[in-house]
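In the two complexes that follow, subunit A is the common piece, with subunit B as its partner first and subunit C second.
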Partner chain A sequence: MKVLGIILALLLAMPVVVLAVPVVALEPDEILDDPVLEQRARDLSKVIRCVVCQNESIDSSNAEIAREVRLLVRERMVDGDTDQQVLDYLVARYGDFVLLRPPMKASTYLLWFGPGIVLVLGMIGVFVFFRRQRAAPVAAAPLSAEEEQRLSHLLGEPEETRPQEAGAENAGNGTAGRQ
Partner chain B sequence: MIAELGHFALILALLAAVVQGSLPMIGAARGNAAWMAVAQPAAVLQVVLVALSFAALTYVYVVSDFTVINVVENSHSAKPMLYKVTGVWGNHEGSMILWILILALFGSMVALFGSNLPPSLRARVLGVQAWIGIGFLLFTLLTSNPFLRVFPAPPDGRDLNPLLQDPGLAFHPPLLYAGYVGFSMAFSFAIAALIEGKLDAAWARWVRPWTLLAWAFLTAGIALGSWWAYYELGWGGWWFWDPVENVSFMPWLLGTALLHSAIVVEKRDALKVWTVLLAILTFSLSLMGTFIVRSGLLTSVHAFATDPERGFFILVLLLITIGGSLMLFALRAPVLKPGGLFSPVSREGGMVINNLLLAAGCATVFLGTLYPLFLEAVDGSKVSVGPPFFNATFVPLMVPLLFLMAFGPLMPWKRADLAGVLSRLKLAALGAVVAAGITLYMEQGGPILAVAAMGLAGWLFVASLVEWGDRIKLFRVPLGDSWRRARNLPRSSHGMTLAHSGMAIAAAGMIGASVWNLEEVRNLRPGESMEVAGYSYRLEGVAQLQGPNYLSDMATISVTRDGLPVAVLTPEKRLYPVQNMPTTEAGIHTTWVSDLYAVIGDSDGRGGWAVRIFHEPLVPWIWLGSLVMVLGGLVSLSDRRLRVGAPSRQAKAKAAPAGGHPAAAE
Partner chain C sequence: MTQRLLFLLPVLLFVVLAGYFLWGLSPDRDPQALPSAMIDNPTPDFDLPPVPGLDQPGFASADLGKGEVVMVNFFASWCVPCRAEHPYLTDLAEQTGVPLYGINHRDKPEAAAAWLAELGNPYSRIGADAGRGAVEWGVSGVPETFILDGEGRIRYHHRGPLLGPLIEQEVEPMLRALRQ
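Moving on, here comes the complex of A and B:
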């Protein structure tokens, strides 16, 4: 409950902040003696979510449950589980929620393929845009009466004073093409 | 008394906004100049009133007036003065007032300096600004009023969250908000243009500086937030793909796209419809960023219901703003006439690719951030979308962007000669090879992908400079001539070079941080030491200190390399007793090539302390690059042509339109 309270307080308090009580997460006493196994455990810990935290891996969380899962991961690795077996075990226990890398399945197809779909649709859009542009070259839009008038006004002006006055009189409009 | 004054000022500001949002709009529709002219004084009045209200809130914080609930909940008499002031926006209600103040400030700038805008456009822009203001003022007054009193008044306050009591985070919200709110200008101009049915180069010239300003603020705000997370959380990381980070990153991605497409509108009168859409979407994402965090929606769908009144208000406000503006867009966009033609291989074409990749990147972040929410709402199942997802989807989109970024500035408008551009990039290719070579030499047997990535950063960095060097004929004419040429180059041109090379520097930092980061955790007793990446860290001792409103365990760790002293790090573990909350302060020493980073943890009760050492190669470059990018934005903003509000002084008018020669175009 306390963790939840902190999370809520933080949420209300700030625009961009990673939510955590920042205290050293992994404790020295958890570390395995075998450095290879320990490295595997560390790497795997980074993709396992601390289930009571806000978007934190068990590797960086100091919540009690994160510590328990860290120890559990190491225990199972010492017992000879592969990374996948450890993850499967955790999913059976906590559901997909525990994986920071969402599994690929029917309910997440949209998530995984969405970026690709957007990109492809965008590319089609760009392609169509250029095709159309080539197919139907648009004639330059005729000047409106107002623009016509302004043009003749401009052309009638003496050369030196023209830009200054145009800038002042016609506001942003008159200065458009000249930069 | 002061609190009530602030409250009244806020109500009056709402009335001013209602006037500003109605009369000028009607006036613009009917061609009534007098009604349109109401917009300016109303906008100025509004900002004065909101500023009064903000000042009143600041006052009650400074004097610690604990009869005001907001002060009780977020302040404490023992808090240092700096954090009493920054505590004003360190909470939901106060931050809304800050939001409104910035919005009103932007509006008043159009009122004061917009005399060269067509009157009807100015009236409509101010009108739309006022509509946004009305929404926020209503929201604040009805659901999030910071001026409410409490009786009987408690003897002291509950203190500001200790994590917020930090200089980095104190100024992070104002910068971020200036960025979010800054995009409201592009939005208002877009809506006004849709209503007018007219959008031309002059419009783009007005939108660009505002977008640039907003972008620079947002870049600085995000960088500051990320830096804070780096040194305060003690995880050695700088970006966590946390939803709260993502919602600020999305407007940045689209805002960057908008920045570029607005150039095409200005120079070539093309991509108008798309630019208007981008302006609308960028601000919509800013609104979402403001609200979604505060509503608690991201933690869980259920958290949203904890304050149903606020949640409902937010939903309605978002629906009206985003839905309404998109509807207007659908109805009116066809009115905007298509403009200049260009070939796919041209500078415009480059901007289109830039926009495509940035928009796809934004969509990816959007999907990843909101998918858990979406899935939970659809079938109740819970899923986590963490860093591994974004690394697998977002990063591949950004790699081609960084690669192609080298081409854009070298391509002329309308039609480019690809072979010519490629030949100008020879030096950049050399830069890539050198960067990759150095990496390969330093790394010795690491991932080959990292070598390629560093090569990419080198490629972009050199390419950005090549374009600039070409323009001033560096090393081809005497240096004095180059200097003269550089001084005559438009500021926006220097700005682009800075921003693009800043991106390359930051990218190198990000690559370094994600590939070569080392971490060691050890239990050390005073006098013991550990080795990380060739540096020896010796724990000298841990001392108990008393801060103004916290207790601290401060460790002293001396760092040596080959027996020579390098630095003394003093990481802290603090406890803020009022909220009974611990925080860390990492001890960091930067060599500019890497950071030496130490965190002190808990004592084991037998004289040992958990010490966590990170070796962070290239990480300082992330902030350095961001700073250079912001600088690029500001330099570009100082370009006479874009100077906000300054009547464009015409020196030597060029008869030819902007197209044709890239040297004159940017």
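Moving on, here comes the complex of A and C:
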């Protein structure tokens, strides 16, 4: 029991441990002197994909190209670009792929709303299912004689009662014979 | 009747899912392939110095789009696929006569010079890129190759080595079409 408790505690603590380790690839020479601008660059770096690492932001990737884009983001910010202008610059060169958060537009509506649509369809399905069940409760048709017989057979009554019944019949016969 | 059809729903779902899996797991599909956003873009803004030690000029945006179709190839001496595509590129440039401009990406000048001395130099100009050039061109790694039309517009972009079948199927027809 104690062991189980320890294992459970470790499992619960796992996400905390994992999340507590900062994943940063930023190198000291990249950091800007202006802390406000640096924070903006850090925040923006988290939503820019490193194009050679599939699913890592440039903030956490130490690929050469990620470093290059980090430097570029900072340079453009120092030059007065807004966050959106920096993103637009990158999208013009690498496409929407460079954004970790897909933009909302006609070609991505299905991506954004698909799960919601599936949920709504599912809820409608469940609703209709239960409503139909309530509206038309299955009227129990009376069992036919044959079914009745089979049921009592399945319930195991015949095996126990038949000999007795037979006995009773015999007894009846017997008495009848005696009479 | 509709009740009966409802029983077919799982089968239908299975077929749809199986279709997706078939597509997703197909060996012909490269999940890492990413479409180029550069097609039809004008010449990127760049100005690359020559590689020190090579007596070949670098080049800049202004050198492209002067009425001539040009191929631009990103390469590096440390890049193995570049070595693989090198003979194909050399042949292509020789046979078609289309100028091939090279961008030497993140390389040591002496290593680049040695590499070209060993394998031959098919490039008519070579610019040295410390990294920013690649971002301007929307390049994610080496090798990558572009074809620009006479107006300097990017008409073709390939990520990865440009090898035989690809040259026959895509590059040569594109060059022929552009030069007409």
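Here is the rule we use: the second predicted complex is superposed on the first by the 114 of 179 C-alpha atoms of A that agree within 3 Å, B and C clash if a C-alpha of one lies under 4 Å from a C-alpha of the other, contacts with A are read in each partner's own complex, and residues count from 1 in each chain.
The rule is short, and it goes like this: contacts are C-beta pairs under 8 Å (C-beta built on N, C-alpha and C of every residue); 3 or more make two chains touch, one makes a residue touch a chain.
Because the structure is predicted, anything quoted here is derived from the model rather than measured.
In the superposed model, A:Phe97 makes contact with both subunit B and subunit C.
Of the two partner chains placed by the overlay, only subunit B lies in contact with A:Gln133; subunit C stays clear of it. In the superposition on chain A, A:Val118 makes contact with subunit B only, not with subunit C. A simple residue count on subunit A separates subunit B from subunit C, and the partner touching more is B.
In the superposition on chain A, A:Gln54 makes contact with both subunit B and subunit C. By the document's definition of touching, of the two partners only subunit B reaches A:Glu27; subunit C does not. Using the contact criterion defined above for the overlaid structures, shared-chain residue A:Glu64 touches subunit C, although it does not reach subunit B. Across the superposed pair, subunit B and subunit C both touch subunit A at residues 54, 95, 97. Residues 32, 34-38, 41, 44, 106, 131-132, 134-138, 140-141 of subunit C are the ones touching subunit A in the complex.
Put simply, subunit A touches subunit B in their complex at residues 6-29, 31, 46-47, 49, 54-55, 57, 60, 95-103, 107-108, 110-112, 114-115, 118-119, 122-123, 126, 129-130, 133, 137-138, 141, 162-164, 166-168, 171-173, 175-179.
Subunit A contributes residues 51-52, 54, 64-65, 67-69, 72, 91-95, 97 to its touches with subunit C in the complex. Taken together, the subunit B residues at the contact with subunit A in this complex read 74, 90-92, 95, 115-118, 160-161, 163-164, 169, 172-173, 176-177, 200-203, 205-206, 221-222, 225, 228-229, 232-235, 237, 240-245, 247-248, 289-290, 293-294, 296, 298-299, 303, 306, 337-338, 341-342, 344, 352-353, 356-357, 359-360, 363-364, 367-368, 371, 375, 379, 381-389, 392-394, 397, 521-523, 573, 581-584, 599-602, 604, 610, 612, 641, 647-650, 653-655, 657-658.
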